[in-house]
Structure formats: structure tokens, C-alpha cells
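What follows is subunit A paired twice: with subunit B in the first complex and subunit C in the second.
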Partner chain A sequence: MKPLTGGNMRFGYYPGCSQISSAKEYDLSLKKVIGNLGVSLDELDDWSCCGATSGHVTNHKLANGLAMRNIMLADHQGLDNIVAPCAACYNRLILSQYETFNHPEIKSEIEELLSTKFEKDIGIFNVLELFMKIGLGKIVENRKRELSNLNVACYYGCLLVRPADITKFDDAEEPTSMERIVEATGAKTVDWNHKVECCGAAHSIARRDIVVDLSKKIIDDAIAHGANVMVVACPMCHTNLDMRQRTMKKVYPGHKEFPVLYLTELVGLSLGMNEKELGIDLHYIDFKYDDNIIKNTVA
Partner chain B sequence: MSLCYQCGKCSAGCPIRFYMDIAPNKVVRLIQLGLYDEALKSSTPWLCAGCLTCSARCPNNFDLAKFMDAVREIALEKGVEVKEKDILSFHEAFLDQIKMHGRSYEVGLVAEYKMKTLNLLQDVDSAPGMFFKGKLGIMPHNIEDKKSVRDIFKKTSKK
Partner chain C sequence: MKIGVFICHCGENISRTVDCPRVAHFAEGLPGVEYSIDYKYMCSDPGQKLIKDAIREHKLDAIVVGSCSPNMHERTFRNAAVSAGINPFLVEIANLREHCSWVHDDVEAATEKAIELVRMAIEKVKRDKPLTKIRVPVTKRVLVIGGGIAGIQAALDIANAGYEVVLVEREPSIGGHMSQLSETFPTLDCSQCILTPRMVEVYQHPKIKLLTYSEVVKVEGFIGNFKATIKKKARHINEDLCSGCGLCITKCPTKKKSYNSFEENLAFRPAVYVPFPQAVPNIPVIDETVCMYYKNGKCGMCVKVCDRGAIDFEQKDTMLVADIGAIIVATGYKLYNIEKATPESKYKGYGEYGYGKYRDVIDGLQFERIASASGPTAGEIKRPSDGKEPKKIVFIQCVGSRDPSKGISYCSKICCMYTAKQAMLYKHKVHDGEAYVFYMDIRAGGKMYDEFVRRAIEEDHVKYIRGRVSKIHEENGKYIVKGEDTIAGMPVEIDADMVVLATAMIPQDNAPKLAQTIGIPYDKHGFYNEAHPKLRPVESTTAGVFLAGACQSPKDIPESVAMASATASKAIILFASDTLEREPVVAKVNEDLCAGCFYCKKVCPFGAIEVRDIKDVNGIIYKEVAYINQGVCQGCGTCTATCLSKSIELAGFNNEEIFAEIAAL
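Here is the complex of A and B:
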């Protein structure tokens, strides 16, 4: 386990496959921001893919086995909790662990599969919970600028808050934790309808048409409610909402580019970090924070 | 499954409903009626994105998303012809990368997916942009203990 950042508060870290490829900037900005707030992350050694959507849609036992291998490693490495920044990983890990501890037959099946015993329930947190645990006061205290000219649409997507009785941190239909974090940066949040709608996630390659339609509706709803930027906490949502605007422009002529940031990037901007440090320049849609005018807003 | 009393609330909120051949609650109905073939042949379980909206909203706490997982798994076991072949090819190509490397590998995934679907003209348009921005590595990320992951695949394989 390599400590990634220095600080008193420590969390285990399960990056997930996207963080080391298509969502490099999410990983980068998360580490920068968390380090700045005095929190350290210990990366899980030799973590493997959680199985993602492809696992659980085709083979339930395989999906549980892949997810639980990581829970087993966390336990062996003495971690009490892990932060999973991808909503899909977070959901897979938390659901597999829940099934394992609540269904004795699944528990013995998985224990046999992995030749181990599961005794300790590992805390699994998403990035919203991580900020809540660090305390929003910390963001306010360390804030270098107030992002008051941003009107943010907070997009949770489908897997972060569901099923609410297992994820247990926010409401499944009207969650508010992301709004509270965003407001701690001084930015404003908008009230809108699509914050827990699904973007089509796993169909990004095989049925791009669906993903582009769904993502377009989400972006249009944010714009209609006065947002000039959207904030997400999942690499799959980000790919669909940012990168897919390339196809969106072809399918929907007249589509205007709309910036989509990771929550960690927005917090980083308020802590005084610049776009490049946070990896915002790696997005498909450019975004440049300007204290007076926000470029790239939708006219 | 007897929990479902066919109120239709799940289908009303399903983001993918419009693209499916039958509504999600109708798949439950077909199974309730014993019309397994029709349910297993439907495109609906494959198009279901597993977003859990239906399960969250069901007034009688029926976990429809999980039911869809089960329907797909049974369809695969029975060798029913899958209507949404590209989606299945994607899942298979994705899992093959995990089996080989322990982690996802986009370049291998896209290459295998294209081979499987022979959809060489379909432009997987995020990839060039991501290469350009230096996000996708040419090389896979291999974990140390690849054997442990391969074993999970081997022991849960249904073939």
C-alpha cells in the first residue's frame, strides 16, 4: 500500500479502471483536493476490476466474486474503509458486500470461491460521502475564491444513491448532498428534474444512439433550469455527458457545447487550483474559470 | 415475483423503455404466465441499463432490476438467441479484458468488440479524442496476481 498524500485523516482508496485511463483527471483532482484538505488516501494493493455492469448482467456469481476479491484485499491490508470514486464501482462493491453479509448461502459460495472468510464489513464510500466526512467547513475555511458566478446542475446519475436502503447516505429521488458540497465552494446550485436520471452508462459503445439521446435530455434540462455548468461524481457519467457531446453535435445539429466538471475539480477551483493542475484541460468540452465572465456558457 | 401486481410504475419511469420491444413490467407478466420463451427472447432485458430506477420506485418492493439480471442469465444458460447482439458482444469483450489483465483495457476492448461485431465502420468516437489527450494508454494495466482473477472466471464459468 502506498500512501498517496499526507494528512491525518486516512481512507483506503479503490480507484477503479476508469481512474487510470479515461478518467485520469478525476483521479488527479481527487488526490490534489483531498491532500489539500489534509486527508490521505492509501491505495488498495493489486486491486482488480469490480466486474462493472458486464459482470452482473451476465453472471451473478462472477460479479460477486470479482467485487469481493477487492473487499478481501482491503480486509487483508487492514483497511476499515475504501473510497470508490466511480459510481458503478461504488454500487457493485456495496451491493456485493451487502449480499455476502446478508445471505448465508451467497457468503459461503463466495468464501469458497475466494478461499477466504469474510468477517469484517468494510465501509464503502463514494466521493460525496468522503467530502461529508471531511466536513464542508474545511472547504469553506480553505477556499481561495468564491465561485459565485457558477450556476451548477448537480448530476447524481442512477447508481450513486440507489438502492437507498443499502447505500444509506441520501434520498434516492431528491438527493441534496452534492448541492451542499457545491454550495460550500460559493457556487450556486439550480433546481432541476434530471439529477437522478440514467445516462445509459454501459451502452456507451454498443448502443451509442441511446446514450446520446439520454445525455442530450439531461444536458438540455440543466440548461433549461439556468445552469451554466454541470457537476458529476462518476467517470462513466462524465464520458457520456462530456465526450459524447461530440456525437451529440452530429445527431442534434445546433447543440451547443456545455461544460461538465467532476465535483473534485469544482472544489479544486475554489481551493485556488488551476484548470491544468486539476486536469480540466483533458475534457472534450473546454472550461476556463474566469472571475468575471464564464467562457463557454450557453448564451 | 408474485410481488409484482402489474401497476406499471416501473415502466413509466424506465429511461430505456422507448427503445425496448416490450415494457419491463410486461417481461414480469410473461414469466408470471409461464410464457418463458417470449420473455427470454425479448430485447428488454438486454437493453435494461441496470439503473435501479424501477426497483427504487416499485410500490410493492419488487426488485425488477435484479429480476432482469436473472432473466439475462437464464437466457444465456438456455442458449436463447440474443436480440441485442452488440450489447452482449460488448459485455463479453469487456469481461475478456478483465480475465486477461485483471483490469479493464480499453484498447483491447474496442479491438475485440469490433472483431466480434464486425462493425468496423461504427466509429467508436471517444477513442481518438482520448488518445489525443493522452488518457488511454497503449499498454494494458496488468495486476500482479492475475491468476486469482482467472480462477474466479474459471470457477464461475458456465461453459
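Here is the complex of A and C:
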């Protein structure tokens, strides 16, 4: 685990584009939950695109430049770290910083591009790491209800833990950190096969057929292993696993709706917040926490 | 003093970046230089003749050769000088290749540097003193470490030549990995059938002293005169009394106390065991960690049933010391473990294949045991989890190998062949079964090797899929193998009953430790380094220590055997004369100056420094000084650099010579 520099509980916040659009509820629930645990987020002033998806496959310099601009802002604001809740933002920021600090030629190129000097290694955290930093004990202490009737399939997707040599916080093939957080809410976790399988990611737009097939397999495997809800920490995964279930139902007529929550929403539920406060009502697949959930969702 | 300077072009290796005629011409003008010339290949026969003729014609006293590294051709030029009547230690090499032309590209600057290097060598050679080689006696006995096929072959060859061999094996029996194999490629002959007669031959050979369940813990000395300390671990069985009847084994109540490592953990064994029925020697060992007697002092069933009184719970480890002339290291390999590795391990394990949690995802050696007539399933192909016959089997090659992200960049070399063999054996035993092989490339270089792979594909209809497997997971008792067929350009999914992983060959866990004990170098993986990759493949860089088999790099049986015989002949060559010539480049103490601090003794890596008493006329000790055993000293110079009173000098590299070199710069 990367040490928290300075030893305080001040976190920089890089929302990224999803948090203000398709994943509003992720942003909403994150702020609510963190606030409830006594931690505040300092949003970067004037943050810009992280370079994900189109940027980093188009031009290497552009990709690093976009990501490093945000890291530069954090440094200028006196922040030691950045929380990037979106897995793609997280991946772009941590990778660009790694490349910049490990390749002098990239460093000088980006420094020239941004007219700055990079000296401080900014800690880049995803939401799992954020909860780990805050301490799982905090969740347990503030828990208003035990979600013990939830059997949760923790889905990591591809970017959250990879490349493991650089992200350095969990095993790339058999990660378990999300399970530990979920278990702190009192919910149970299931051991399943597809926690790091591909959901189809950005093919969601151009090749919906691929995404529907891949996401269907993930959901089916979760159900086969006894899950009644899935938890994710990536807006892209959520889009594919939640929104694309509508198409899934058309392609696979027998498909039964399966709720997919953000990790922050699940923690929020255990802290006593309701679905509306957390934005769960914005999902395509409805989810209402009640004690009879097992009966309602498992086929 | 008349000095000759000879500048070699090394084909174009030096002359490409160094203006050789200019260097030779410059040297001509230096004080003391009588003759200077450049030539295309100085190491060649005409090149050497050029040196010899010049020495005779110009009556040269010493020569400087500007050429490749002295590691390469110092000996060549010294020999040439000797045949023309010059002492070999009046030959200096200026390294114009590794130290100059190969590492620079600016011709002007490289030529300047070459001139400096030659000038330094000239100043040194002016002060060099003629030295005479030291002669030391040779102990004509070989220590062979490791009793696999390589060690067995080396031991037999040497013993058959009439020399004594001490063969040390860590396990209770010799035989190594070859004794675990079912059948061997490319002939499909039974491994045990060809190996066990050789094991017995070793046991019965009057010239071979076999020490099983033993480890080499210390090696001192030098070529021809090693002293090895061997720990003989307590078997708790008196080897002289045991008849090998096996009654203790059948009566031992701890039947399933520990995994049977010979069966690759696919079976259990009792506390008292022989690794396998054909073990040599056929003498059991008692595993203290599981034996009831060591737990609570009770049981003693084996004592009751042994009518020869061979059980000895009190037996202790013993240390043996042997005088040795040459060492053959044949410690073999182990397989990459796909289980989750510790964070400090350089190997990562395979989370995508379940980190070893699926019981029917096994490695190549486990499949060998399953396919072996003497194995846990008596040769019937059954999967470990439920004993059912797998109808669909997937073999995956290059698991670990050729994958730097898993910690290994090299090819394990034997997997293409043994996978083809295993797939073939499977098809021979399960006629209605389907076998798939995922491969990256098929590397079947060797006599009848590619034909063998073709036979698996064409006659036995093994389905080869070119591509990697990204994931294995279990679903309703099947193993879903997801991969890519890169030829068809399609993802593939196979619902297999069993998966066999051709995991990489890696060095034994304690390979670096043994290397440090013996004093031989090893590479970043832990494989032992040969002295030269092409011309000295079976020698280590330590004189008198030879390498055989997979401890040097992945090897199959024929290669290991060939290497073993090569090391045997190296040892026999060494024993052809009664004394050995050693380089006279050794350190010497000036006893008048020595203050007796013995810092040199502390730093000497070879234990060559002793304490010597200086006595007055009445025989009373008035001073202790350091004394360097010239037979042990390797001339590394560590003591020279450490000595506070500057009273140690290294012959051939004394202070005057070195300072003259530096001053010439």
C-alpha cells in the first residue's frame, strides 16, 4: 500500500468526466459516504480530461500531457494525493506519472509541454485504496445496518488493479481488497470466476453486441455463484453491466434483471443512507434494499 | 630493454573504430619500443608467426599486444612469446576491443584512447619481472554433486576410467527427475528401464562412494586440491544392518501423514519410506517431522518388526571430509510453481490459472507420474480430483517460460517435446479422448524431434492451437480454458476435464547458496555460468569445477548425458599428469614490514592466509606475520589493497608496475 504522505486525511479529488454525467450517482454517493466518515475531498481547480479512451490510443504525448496536467494542478494546490474514482482516470493518472518519473525523455517532453517541473510524486488512489486509507474500522463503527442478506459479487474489471507492478495495491488476477471493504458493511461476498474479466469497455458504443455478450457472461457467473447483487468501482463497467441489461433482455429473452451498485452506494446503504440520497434510483436496473432481497432477486 | 608492439585489427572488430596503423606507428616512436606493427588477425597462425619472427629478428625482451580482452587470447600470445624464448609474464595485453572499439563509435577519440592504453601497457611491461609457474600436486578423486542422470553418467565415466568418485545426492535415492518420468521422447522408451540399471551400476561400482541423503556444506582449496565437507543427514536407519526388506514401511501406522514428493504430491507416504520401489540404495529413511516416535516417544512399530535391529532413532547427522581434485556440479532443476508467490519472489505465479487451487490443473511432472506404470494410478490416466478418466485434456506450453512478466524470459527448451509426448501417451491410453495443445512456437530441434511432434499431430490427432491461454476457471466440474487461436484469429473456449501446464524449468531453490559454497558464478535466474558460452560450455569460471545438466540451463536427457560425459573427460584430462601448473600471479608478504594486523586474513576470500611465527635465534617468538599459501592464493589482490603497511605485493601486479601504468596516462 502506498503510504499516505503527510499523515493527514486530506485527499485531492479528480472527478473525471463520468462523475459529472453518466455516473453522477457515483460522485454523489462518494461525497456523501466520505463526508459521513469525516473525510473531505478537495476538488482540483480547473481539472481537465485524463486522456482516457481516445486520447491515450491516439497520441502518446497527448495522453501523458493530459494526465500530467491534472497532476500538476494537484501539486500547485499543495495536495499530496489524488483520488480518482473512475478506473480509467485512475489508470491514466498513475501510468502517466509512472512513465514521467521513470523515463527522463518523457519527463522533459511533458515538462516542456506544460511549462512546469515535476518533482513531487503524487499519490494516485482509487476508491478501494481510499477506503483502505480511511480504515475499514471506520465503516464498521459508523454502520447503521448490517447488509447481511446481501451476497455480493465484487467486480474489479480490467483497469482497477492493472498493471499490478505499477498500481501495487492488489493481486491482478485474484484481487481481494474490494471483498474486505464489502465485508466491513456486513454483507457477504461470493467466490466467483469473472471478477477481472472484460466487460467490453468502450466497445459499448460501436460494438454493443460484444459488450452485451461479455457482460451477460459476467452477470451469469455472479448469479451462478450465489450473488444477489454486484458491486463495481468503475463508471464504464457500470454502464455496461447496468444500462446494457436492457439490450441484454432483448438478445437473451430469459435474462433476469440483476442489480449492479457502485461500491460507494453499498457502503452508503450500510451507513444508513437511502437509495435516493445515494442516487441508486438513477440506475437502469432498480434496486431497493429490503430484508427480503434474497427472495426477490435470486432465481 | 627492447619492446615489440603488435596491434591487431581483429578483422574489423577493432579497426572499424580504431585507426590501427596509426596506433602502431605512434608506438614506434615511444622510448624502449624497438619494433611496432599492425596486422589483421594477430591470433591467427601467420599473426603468431609474425610475433615470433619479430622477437627473434629484433631480439625483443618483452612484447605488448593491442588486441581483445586478455580473457580471450592472453594465453595464445604468451605461448607464442614462450616459443620464441620470452618469459610469458613479459607479455602485456592492451585491451583495444572490449575496452575501446566495441564501446565507442568516434574513430578519432577511440584511436586516442587506444594509443593511451598501449602506452600504459608499454610502461608496465618495462617493469614486469619474469615469473615461473608454480607446480602443485593433484588429488585424483572427483566430487560429483547431484545424482540425477547427469551426475550418474559423469560418475560412471570417471570411475570406469579408474579414478575415485564421491557422488553426493540430497534425496534418499539417486535417479533424479528422470526416475519420475513415464516414457521418454522421441523413442517412447521407458525411463525407468533405461535408468535403473545405471543406478545399480553406480551403487555396485568399487570406485564410486555413494552418499545419498547428504549435502555438500563446505568447499575449500583450489583445483587439484579441494577439501569438501559433506553432511550426511541422519536416516535413522543403520545402513550396514538394513536389508531393504521394507517391513518397517508396510507396518508404519502413519500411512497418510505426508505427501509423497516423488509422486509429486499425488499420493501419500508413511513416516518411514523409500522414495520409490527401485530406489538406490534401497534403504528407507525416517521423516522426523511426521514420525510418531519423535512426536510423543511412543509407537516404535518399526523397531519391533525389524529383525536386524537397523532402526536407530538416536542416529545423528555426521560430517565427512574428502580430499578432491575436481568437482562436477549436476544439481538439476525444479519446475515453476503457479501458486501465489510471496511479494519478494521474482516469480509471480499464475492467478489466471487459479494459483494452484484447481486440483485437475497439474504440471508436467505430475502428468508423468499419472502416466507412469509405477505411479499413483498405475499408469491409468485419471484426474486427481475424482479419479475419473478425462475425456478432454488441454496441454498449455510456455507456462512461465518466455514470459518476462512472470519473471522468466528464457525458453525452457524441453516442453515442446514432452508436451507432444504426453499428449501422445494420453491418446494411446484414452482412445476416445480429445487432446489439445496451446503453443507459442514449436521448438523441436533435435534428431527425430520434429518428426515426433508431427507424429503426435498427424497420427495421434492431437489438436495443436497456436495461441496463449488467458484464463482457466472451474464450472460444474469442467475447466473452462479460454484462449486465442492466433492462426484462425478467433478466441477459443474448451471445456476440459483436466489441464496440464508445461511449467518452466527453473534452478533448484538452493542453487545460489550451493554456488556460493563452491565459489562459482550464477546468472540472474540462478543457473550456473559456464566459462565461455561456446568454447567452454561445461567448465565454470572456477578452475577444476565443471557443470553438467540442467543446473546450467534447461536441458533434455541426451544433452545432460553428453554434458556429463564432457565434464568426466575434463576431469580425466586434469588427472593425466601428477602435478598441475598454476599461474604464478600470487601475493607475497614482506615479513619485515608486516605489522601482524591480519586484516588480510579477514578479507581473503580463499582462506589462503595463515599466521606465521617469527622466532629469534633462541627459538623465542617475537613476531607474528601473515603468510600466504601460494597453492591456495588466486591472485585476486584483495589483501594487497587492504594491507595498511603496504607489505603485500601481488606478483605481476606490484605497486611499481601499476603506478607506472597510471603515470603513463
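Throughout what follows, the second predicted complex is superposed on the first by the 286 of 299 C-alpha atoms of A that agree within 3 Å, B and C clash if a C-alpha of one lies under 4 Å from a C-alpha of the other, contacts with A are read in each partner's own complex, and residues count from 1 in each chain.
The rule we apply is simple: a residue touches a chain if its C-beta (ideal position, glycine included) is under 8 Å from a C-beta of that chain, and two chains touch if they have at least 3 such contacts.
If you're wondering where the values come from, they're calculated on a predicted model, not measured in any experiment.
Asker: Report clash or fit for the pair subunit B and subunit C bound to subunit A in the combined superposed model.
Answerer: clash
Asker: Which partner does A:251 contact after superposing on A: first (subunit B), second (subunit C), both, neither?
Answerer: neither
Asker: Output check: A:59 vs subunit B and subunit C. Expected answer is one of first, second, both, neither. What do you get?
Answerer: first
Asker: Regarding the shared-chain residue A:202, is it in contact with subunit B (first), subunit C (second), both, or neither?
Answerer: After superposing on A, A:202 lies in contact with subunit B but is clear of subunit C.
Asker: Once the shared chain is lined up, is A:17 touching subunit B (first), subunit C (second), both, or neither of them?
Answerer: A:17: touches subunit B, not subunit C.
Asker: Quick check on the superposed pair: does A:166 touch subunit B, subunit C, both, or neither? Answer first, second, both or neither.
Answerer: Touch partners of A:166: none, neither subunit B nor subunit C.
Asker: If you stack the two complexes on chain A, which partner ends up touching A:114: first (subunit B), second (subunit C), both, or neither?
Answerer: The answer is first: A:114 touches subunit B but not subunit C.
Asker: With both structures superposed, pick whichever of subunit B and subunit C touches the larger number of subunit A residues.
Answerer: B
Asker: Quick check on the output: what are the common subunit A residues between the subunit B footprint and the subunit C footprint?
Answerer: In the superposed arrangement, which is not itself an observed complex, subunit A uses residues 172-173, 197 for both subunit B and subunit C.
Asker: In the complex, go through subunit A and note every residue touching subunit B.
Answerer: 17-18, 20-22, 24, 46-49, 51-62, 65-66, 69, 113-114, 158-159, 162-164, 172-173, 196-198, 200-207, 210, 214, 239, 243-244, 246-247, 282, 284
Asker: For subunit A, which residues are in contact with subunit C within the complex?
Answerer: 171-174, 193-194, 197, 224
Asker: Going by the contact rule at the top, pick out the subunit C residues touching subunit A in the complex.
Answerer: Spelled out, the residues of subunit C in touch with subunit A are 340, 350-352, 355, 471, 473-475, 480.
Asker: Give the list of subunit B residues in touch with subunit A in this complex.
Answerer: 15-16, 19, 47-53, 55-56, 68-70, 72-73, 76, 84, 86-92, 94-95, 98, 102-104, 106, 110, 113, 124-126, 129-130, 133-137, 141, 143-145, 148-149, 152-153, 155-156, 158
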